[in-house]
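Shared between the two complexes below is subunit A, which pairs with subunit B and subunit C, respectively.
Up next is the complex of A and B:
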């Protein structure tokens, strides 16, 4: 499979289809990989593929440094490719401006990452080329997909509040979560707006709360749960728990899952007459 | 520089002062608030002396910000903003703190009410500090009006506007203008022939050079805004070229499909497949009813173009126009766009013609139980019996006729809860018309109440009873059944407390006036509000009776609710005068409370990232995509831009924007933040 990937990358670079390939390279230890940006056909041997290729390379679509390199080909797992569908819907990329080398995947991480436990996109839903044997994407029942919320949802209102207060207390406002997130693509984040200063930038409990809650709200109905925010958080705040909960609510209320179907209307900006109106009290 | 703010607390008689300590509110507004340089209370701030006080204090105290703590800004924001403008202050430095609707009326307890009022005033004071001067937006006006519906309401409105010198586009969905009034026989309370007074108006409209008439056409879509609407009109395929046709009548004389129920005659008479609805139709040019025409039926069955069908081409063959015939089977619907400044909606009503829910009246099964409009056609000289009252089943002249009022009206269980307003009068008229034509006949009327409030109306009704001998029975009919060729009507006379049984030859149901079947869909197309009965809503039932909820769209006639001809004509005139006021200016001033997407110097250009959530949520289609280009023409980024003319200032875009790149003037982030921040949470 690695050979196939390298061959594909070489071909795309040689024939000029793309200027750069975003892929995974070997890291400092065998359990690690790091992103590589191949611009020359002779460098394709730097590409690798293994179960440690956890992270989502679509985040580099928003960065100026990597954007400058020209039209990219991205090596994307099924979950990562969902980001592409959201980015297309939100007008952040044009389909013809990215080349997708989809890889079929049986799960990453050691132990297996949580996001892989209820995976229903072993084969990406969008790609230009597919590397690896095509798998059937079996449907996973709703409850199973949100099983990681079971424990959390047992908590009472007060306990939940205390739980999050404790978690957010740890936040040092490093913004790694928003930097890594492929869907946090604003040029100016709300936290950077200072007239007025909606969110207190210091690592004060009040500002921490508004930052973390706002970040989660801004991802409601959009987050594809790649878990990158949680992975990069230096103080181990379970950010994906919040994201996942909002994803569950969005699916329950609007029967909408971001990144699954390019023809679906975005849940957060579409009014439908049969929308759930239960929240009107 | 810090602002000098004045706070004016209104007592509103005792509306506010009964549950709010207004003196304390004024006092507290000043406390710990160096920006507030003047406070006072006044009995009625909206009164003339109240406004004068505001003006004087702005000048004397040199105020550059004002908080009026009074009623809802819906009521008097405009009043106080105008007053401050007169005193030389930009009106958008005036904020209203709503102490009445949001506090005194909802809190019975004075100390709590006072405490909340103090908070509300402080919030607005803080907002006022951040207020910026705003200037009205000017938008150009297209000096043309659109009138939708060619009944008496539409005709009157169109003539009034056209006579004042403006162009009018009229759209009528039927083949001819005229509406329901053209169907009526004679009209109350003067008994003048309806067509005799209607047709001159129709001709006047047709001859008016300022009026462009589209019949057999419907509104497809309305885009744009007050003063600048883009209206898409669907010209339905008429199959007849209006420019070529002379209305010679050859075609409808030879048409072999002669047994189609005439809609104009309320299905009591027949028409052909190529037809004009009635002799005085305007335009007096036919239309082919494609559903019933043999040629079109054949083409549909064989799935071939109509021109290829050879079943019947009699109308085409007989058409004397040469070299190109006026009949064109291949005509298709055409969409036309018209630029319009103001719109009058005069789409009329529909008679409750399906009485199947009234089993007691035969459930629509008895041929000789007819509706009010059907009776009009029977009594009309242009009707199927040429004005002779004959019952539909066998053409016999009825000797005894029973009229039942309030069928469908005032009946929330089976019909509508409202009173249709015209039935008392038209039933009285029917008894008279009947008596005039059948001298020895007798008319009975079952009624709940007689509602004849109108000039000369009561007298008219009395004439029916006293001079024309109609028997009025106060009560309902419980059952109608057939006995031989008679209809037995069982009912109650509640004034004598007796049961009445009448062997009648014919029964006329005074059926309700209802909204058009597609009224709801149509209202949504125009973004105007409607009530539970699907009648279009005026914005204020007393003070803005012809204004719809959308700016620049006015209502006339029965599309707004049941009414008779005099009232319809008066309302049409009112709608026309509103349109004329609007078209009299070259530019319109609009409230500057509109959204704006930020623009910054290069290399940022705008913090907008172009996700266009704002565009998706905007109910007015006011947001467009704008390419920011480099000098060489290449696109640097695509961002959102608000069309000020379309924006209604609802703020959805500002609320949706994650990067806070959209702000609503008058409610910008700093103002709202200041308001929220000033609340002391406990």
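Up next is the complex of A and C:
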């Protein structure tokens, strides 16, 4: 499979279809990989593929540094390819401006990443070229997909509050979560706006709550559950629980799952006249 | 001096066209209701960012009311529909973080429903009064976690 990837990358760079290939390269230890940006056909041997390729490379589509390199080809797993669908839908990229080398995947990480447990996109839903043997995308039932949330939803109000306060207290406001997120692409984030100052910039419990809730809310109906925010968090806040909760609510209320169907209306930019309003008086 | 009773602070985010006019009608109709509510008038419920609610709690609110036109009556045609979508996901998120959903209430009150405004306010004030002050939030400090143990001890070299 690695050979196939390298051949594909070489071919694309040689015939000028793309200027750069975003892929995975070997990391400092065998259990790690790192993103590589291949611009010359002779460098394609730096590309690799193994179960440690957990990252979502679509995050580099929002960076100035990598945008400058020219039209990219991205090596994407099924979950990462869902990001492309959301980005297309939100008019952040044009389909012809990216080349997608889809890879089929049976799960990454060792032990297996949480995001892979209920995976239903072993074969990417969108790609220009597919590398690896095509797998069947089996549907996973709703309850199973959000099973991780059960133990937290069961908690009482006070326990929930205490749990999250303990988590948010650790936050050092490094903003790694929003930097890594491929869907956090605002040029000017709400935390950078200070007239008025909506979110307190220093890392104290009060400001941390506003920041973490707002970050999660801005991904409502958009998050594709790549878990990158949680992976990069230096103080290990289970951020993806918040994202997952919102995804669950969006699916429950609007029957919408981001990144599956390019024809679906974006959940938060549309409405239905019969949306749930039981909680309205 | 007798012990002061807890009086909740309720912040109401109202749409200019319906609920604000409804509240006005309650006033001109000389209807009495509990005076715990502070009204913030906005052009439309569709313009209420969830951050407004977080900010209100940060600044000392014990309860929040968001109210606008009935579905189909929006002055801007669809503002309240968009707002409804937003609260549909935002409300469970706050609940998930341990905030009692009774502290944030939503209602549709038209310009003709002065009576409903009075009822809504009285009910939210009573509910929040029973819940007590939102101490959990108000006590969140703004100086970062306390440093304990060795890190806090003054260094010997001074």
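To be clear about the criterion, the second predicted complex is superposed on the first by the 280 of 281 C-alpha atoms of A that agree within 3 Å, B and C clash if a C-alpha of one lies under 4 Å from a C-alpha of the other, contacts with A are read in each partner's own complex, and residues count from 1 in each chain.
The rule is short, and it goes like this: a contact is a pair of C-beta atoms (placed from the backbone, for glycine too) under 8 Å apart; a residue touches a chain by one contact, two chains touch by 3 or more.
Just so it is clear, the model here is predicted, and its values are computed rather than measured.
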Subunit B versus subunit C as contact partner of A:221, first or second or both or neither: second
Partner chain(s) touched by A:147 [first = subunit B, second = subunit C, both, neither]: neither
First (subunit B), second (subunit C), both or neither touched by A:176: neither
Partner chain in contact with A:210 - subunit B first, subunit C second, else both or neither: second
Contacts of A:268 with subunit B and subunit C, given as first, second, both or neither: both
Touching partner for A:190 - first (subunit B), second (subunit C), both, neither: both
Contacts of A:118 with subunit B and subunit C, given as first, second, both or neither: neither
Subunit A: partner with more touched residues, subunit B or subunit C: C
Contacts of A:88 with subunit B and subunit C, given as first, second, both or neither: neither
Footprint overlap on subunit A, where subunit B in one structure and subunit C in the other make contact: 190, 198, 268, 270
Touch list for subunit A against partner subunit B, complex: 90-92, 185-190, 193, 195-196, 198, 218, 266, 268-270
Touching residues (chain side subunit B, partner subunit A) in the complex: 604, 607, 609-613, 616-617, 638, 656, 658-661, 669-670, 673-674, 677
Of all residues in subunit A, those that touch subunit C in their complex: 152-153, 157-165, 169, 190, 198-200, 202-207, 209-210, 213-214, 216-217, 220-221, 241-242, 245-246, 249-250, 253-254, 267-268, 270-273, 275-277, 279-281
Contact set on subunit C toward subunit A in their complex: 50-51, 54-55, 58, 71-72, 78, 81-82, 84-101, 105-108, 120, 123, 136-137, 140-145
